[in-house]
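Below is one structure, written out as structure tokens, with a few remarks after it.
Order of writing sets the labels: A, B, C and D. Residues in every chain begin at 1.
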Amino acid sequence: MSEHLPILQVVVPLLAGPLCLLLRHRLLVRGLATAVPLACLTIAGLLLHRVQQVGAISYHIGGWAPPLGIEYRIDLANAYVMVIVSAIAAVVMPFLPGHMGSAMVRRREHLFYAIFLLALAGLLGISATGDMFNAFVFLEIASLASYSLVALGRHRRALVAAYSYLIIGTIGGTFFLLGIGLMYQMTGTLNMVDLAHRLPEPMSPGTPGSRTVLVAFAFLAVGLSIKLAVFPLHQWLPRAYAHAPSAVSAFLAATSTKVSYYLLVRVVFSLFGAAYVFDALKLDRLLLPLSIVAMFAGSTAAIFQTDLKRLLAYSSVAQIGYMTLGVSLASVTGLTGGLVHLFNHALMKGGLFLAAACYGMRLRSSRIADLAGAGRLMPWTTAAFVTGGLALIGVPGTAGFVSKWYLVLAALEQGRWLVAVLVVASSLLAVAYVWRVVEVAYFADRDAGAHPIKEVPPLLLVPTWILIGATVYFGLRTELTAGVAEAAAGVLWESLR
Amino acid sequence: MSGLPPGMILVLGALALPLVRGRLRQLLVVALPVASYAHMLALPADLSVGAELFGYALEPVRVDRLSLVWGHVFHIVAILTAIYALRVKGATEHVAGLTYAGSAIAAAFAGDLITLFVFWELTAVTSVFLIWARPGARSRRAGLRYLVIQVASGVLLLAGSVLTYLERGSLAFDHLGLSGPGSVLIFLAFGIKAAFPLLHNWLQDAYPEATVAGTVFLSAFTTKLAIYALARAFPGTAILIPIGALMTLFPIVYAVIENDLRRVLAYSLNNQLGFMVVGIGIGTELSLNGTAAHAFAHIIYKALLFMAMGAVLHRTGTIKASALGGLYKSMPLTAACCIVGSLSISGFPLFSGFVSKSMILSAGAEAHMLVLSLALLVASAGVVDHSGIKIPFFAFFAHDSGRRVEEAPWNMLLAMGAAAAICIGLGVYPQPLYDLLPYPVSYVPYTTAHVVTSLELLLFAALAFAFLYRSGRYPAEIESVNLDFDWTYRRLAPRAVAAARRRLAALHAAAARRLDAARRRLLRSLERTYGPSGLLGEPWPTGTTALWAAVLLAAYLILSYL
Amino acid sequence: MKQPRLLREEVILRVVSKALVPLILLFALYVQFHGDFGPGGGFQAGVIFAAGMILYGLIFGLANLQRVWPPRRVELGIGLGVMLYAGVGVATMVRGGRFLAYGALDPHHPVHGQHLGILLVELGVGITVASTLIAIFYALGRVPPEPRG
Amino acid sequence: MDERPKSHRLDAPRNVARLVYALAVACALLLVVDVFSPKHPHLPYEGWEGFFAFAGFFAYLGIVASAKLWRKLVMRPPDYYGDDDDG
């Protein structure tokens, strides 16, 4: 069975989704939905292990050899991403029943799980596939599922948020598809390995196809930038994350932008190659300033938010800036920094959103002002939030430090002093917005008239602390993340040629 | 086990404290530092544990003679303070104190700059809770100021480490010297924690605001860790001599007029650090030995003095000289311990300060540094005043405040008694301390000339005090705030407005309004842009994003044609 | 102004659609099963099938259509179709082939296996597409729920 | 310096005066010993008889005098920073 692991990774959640529709029974569905991410995690772990030992694995669907057939190609980079995605899904799962607030939603609980598993299948599919069009299909599956998940938020405004997410997401998907179409026109292939082989010919300047390839790349890059919420295309993100159910925000924040980032990196480095993208297209000239603006604008916006989830969402915009900064530094070290941050940010933002979900459950609000007194009444949740916040700032001993270290190092390697200083300086903004929450939670007293609150049950604390604990663990045991990320960056850099 | 940095037992073990209660917690509080000490003693004498982080060779544990001096004394004082704090309710102080002690110990055994940095920051983050554990807005603000400055020190250290790595290709924490921008930043980072002049004020600002036991913890670790770091990386750096001399001098003036006795001790702490900094600056074997010995002796007697003042605060609820006095009647044992500490810090023969401080003084004399030696002489007379006389005199004697309180609790007395015993023991028989020092010691403290000159200095200074006090010329204890360098960051802007008020009374109101309005305008414009309803804070309409997508697309294409 | 009338009261529409719906369904089935040999397949068939159903629903009312296709059954159909598709893939894997390598379904006559496989997969696609479109029609025709929150 | 907490006897001014006299006598004795003690000076003043006594006394006076001056400059009311909440 082990040779089927690449396809099982995607088929298991893809099958489990519709199965939820058939089962309908609440306990059965919940059991299934809890088991599937765990199974996915196991598969992803096995894949990562195998890839580390034998190198890239190729799986031919239907037995058709690429470039004719669809190929699933697992190497270090996407195995790493799949581990993250399925781990986050597994951890978020216990939070989902908490969102079955209204009776209407509760009656349709099985639909909720079906959509969730479908989103998981989509995200894993994007990562696993070695075929551009297949990637697009899964991108749409994941996106459509995400729109519906966002729409399930507590307030009616969630519908508006989901709608604008849908419109913008569709624009992004369309751009991506246009890019694929143009590439197909020039090369006649959709397979990533094949594309990497065939693109250089039309790419070379002077040939008639060079402009088409250029336009194809621009479409792909902008399309993925939208999905990734690169500043200034980030506007869907705060709205969607703020209004989605907290557990969904945790899941999406930790996985969906990460997978888009992976796809962008795959396109930039594996398909087109760093030389072309940075020398001929000068991607860094645009992406580098945008990343830095994102770091500052996102963090500054976070400082002024009054809503906890929106604060975290804007912080995500800034953190995505760090990740794209890693790409735009155009070096293996920079890419390593970006990939490490992909992993670390998934952990910390996932953990923080879960903490926000814990607060939401007890406080029935996500306003920061309502957190008053939570430090004493919900000590574990608040401690988790603070630890996650420290990681966000990049305090040493937490995972956030490791990624910033690599980014600073990559900037210094190229003598870009200003960039290094800006990375450090932007961390100070993170101090400011984390401190705002800490101050209210620990130093403000809860209104006498407010309804009593107590700590959330261990069922929710444990997953939150798994993520938060992981940020600390991976802050100390850096060889696990940084080592794999460095190898993955190497694989991507070498490209598929 | 030997791969575990010394002190980590404390850091990790302390995290378990909130899980247990009552007697078990008390037992654990004392057992943890003892276990950690045992772990350190069991380590091989020149152990080095290598590790790799992002491909850099690190050395999380490096045991040598210099680090062992600090390892010993940090552990001893951790045990003493744990006993002193035994009956504190609530886990916060225990956890903060023990993790703080543990991270300081681990930092002293760091063999590379990154490990040092990690524990350096950890001491800052853990120790601030010792300040915050005291209720009230005042300690909250003081703690925040303290934290900001400490973290800034860490940031400087990190920046300096990165630069140093780029300069030399090594992260080893060894002799650096002032040899480039990296090492200058590291020097500044150490200087903040060592409370160099103008960088010193966090110490006097924060320490007196901590809890009773918290101040004892604080007094022992942060600054002495910085002394260790300076001794490791910058021995013989000439600039340290004037810096240290200045440090010994200016705090004594403040100590004379300060009313908060714990703040007096904080100034005296600063002055003592000056002696150690001078010792590092001289850089001879004798002076470095002297610095190590003085750090050792100093940690114990300074902890003893803070414990005594803490006991007074614990029993009377105040530590203002103006509100105390005559306590020797109700707290005789505390008073006796406090006097032992005072004699030690003054450098009275047969007490620990004598055998350590005289090494530094002798090193200065042997190097024929005339000005320095005279400065240290004056500083020594100053120590007699603020710690030798002022502390015990105003707390326990002077005019009777009429307060009748209980003697300190048994655990505090036990800790103070043990510390006092160490002070006397080292003073009478210094050989065990000398055996610990990094370089071989041939120094003999008890020569006739030494003893006589020291006694002369001390007793005549005391005579001068008696003369001044009895003639009513000694500055009275007045409850007040004395401006220090922290004024620049606590008062500079408001003060500017105040000056304007005095001179340009008419313009003042307008100026203040304008200043305030400008500040508010800035905040408002920031919030207008970034706030929940601002341009960058509120999601734009979908169409705007689409427009931006088109703009970006065009930008990519145009860029590639450039 | 004339009161809008129900579509089912329009005789022409009623008669024409009554005649057309069976034909449309038949055509859907033709497209479905012809997909093996020529242009056509599950997706198109599903759309055509759903179009027939939706026409019926438009003319004779949602309630009548829901008597034929209860919402719950539609929901089941969506899942069932996908299960059928993926199930074939799993079956091929169980039989020792790659995912969706239909030949493995009948090891002795790979061509038979391929026939069977493509038939089932297309059927799955058809069921899912038809059910999804009908579900969307139901969702649009539903009375909006009470405002939430 | 030499005051010892003897059960409340220090309340009597006579006893305190005695202590001060004892201190003065000890100082005088020290000066006598100083004249006869051997010296190995590294710095010139280390060889001068009684220099440390002189230095101790006048350095102390100097410190206190400068502190009094300094106090005129820097002393402020206790609520100067406006955060005195534990009086």
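In this text, contacts are C-beta pairs under 8 Å (C-beta built on N, C-alpha and C of every residue); 3 or more make two chains touch, one makes a residue touch a chain.
As the structure is a computational prediction, the values presented were derived from the model and not from experiment.
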| item | value |
| --- | --- |
| Distance-to-centre winner among chains (Cα means, whole assembly as reference) | A |
| Label of the chain whose CA centroid is most distant from the centroid of chain A | D |
| More contacts between chains, B-D or A-B | B-D |
| Centre-to-centre distance between chain B and chain A (centres being mean Cα positions), rounded to whole Å | 43 |
| Centroid spacing, where centroids are CA-atom means, of chain B and chain D in whole angstrom | 26 |
| Rounded Å distance between chain A and chain D, as computed from the means of their C-alpha atoms | 69 |
| Gap in Å, rounded to a whole number, between the CA centres of chain C and chain A | 35 |
| All chain pairs that touch each other | A-B, A-C, B-D |
| Parts of chain C lying in touch with chain A, wherever the complex brings them together | 75-76, 78-83, 86-87, 89-90, 93, 97-103, 145, 147-149 |
| Residues of chain B that touch chain A when the two form their complex | 52-54, 117-118, 121-122, 125, 140, 155, 158-159, 162, 166, 526-527, 529-532, 534, 536-537, 539-540, 542, 544-546, 548-549, 552-553, 555-557, 559-560, 562 |
| Residues of chain B that touch chain D when the two form their complex | 136-139, 141, 252-254, 256-257, 328-329, 332, 335-336, 365-366, 368, 370, 373-374, 377-378, 381-382, 384-385, 388-389, 393, 396-397, 400, 448-449, 452-466, 468, 470, 473-475, 478-484, 490-491 |
| In the complex with chain C, residue positions of chain A that touch it | 1, 4, 7, 11, 14-15, 17-22, 59-63, 102, 104, 111, 114, 154-156 |
| Residues of chain A that touch chain B when the two form their complex | 164, 167-168, 171-172, 175, 214-215, 217-219, 221-222, 225-226, 232-233, 235-236, 238-239, 280-283, 285-286, 297, 300-301, 303-307, 310, 314, 395-397, 402, 405-406, 408-409, 412, 424, 443, 478-479, 482 |
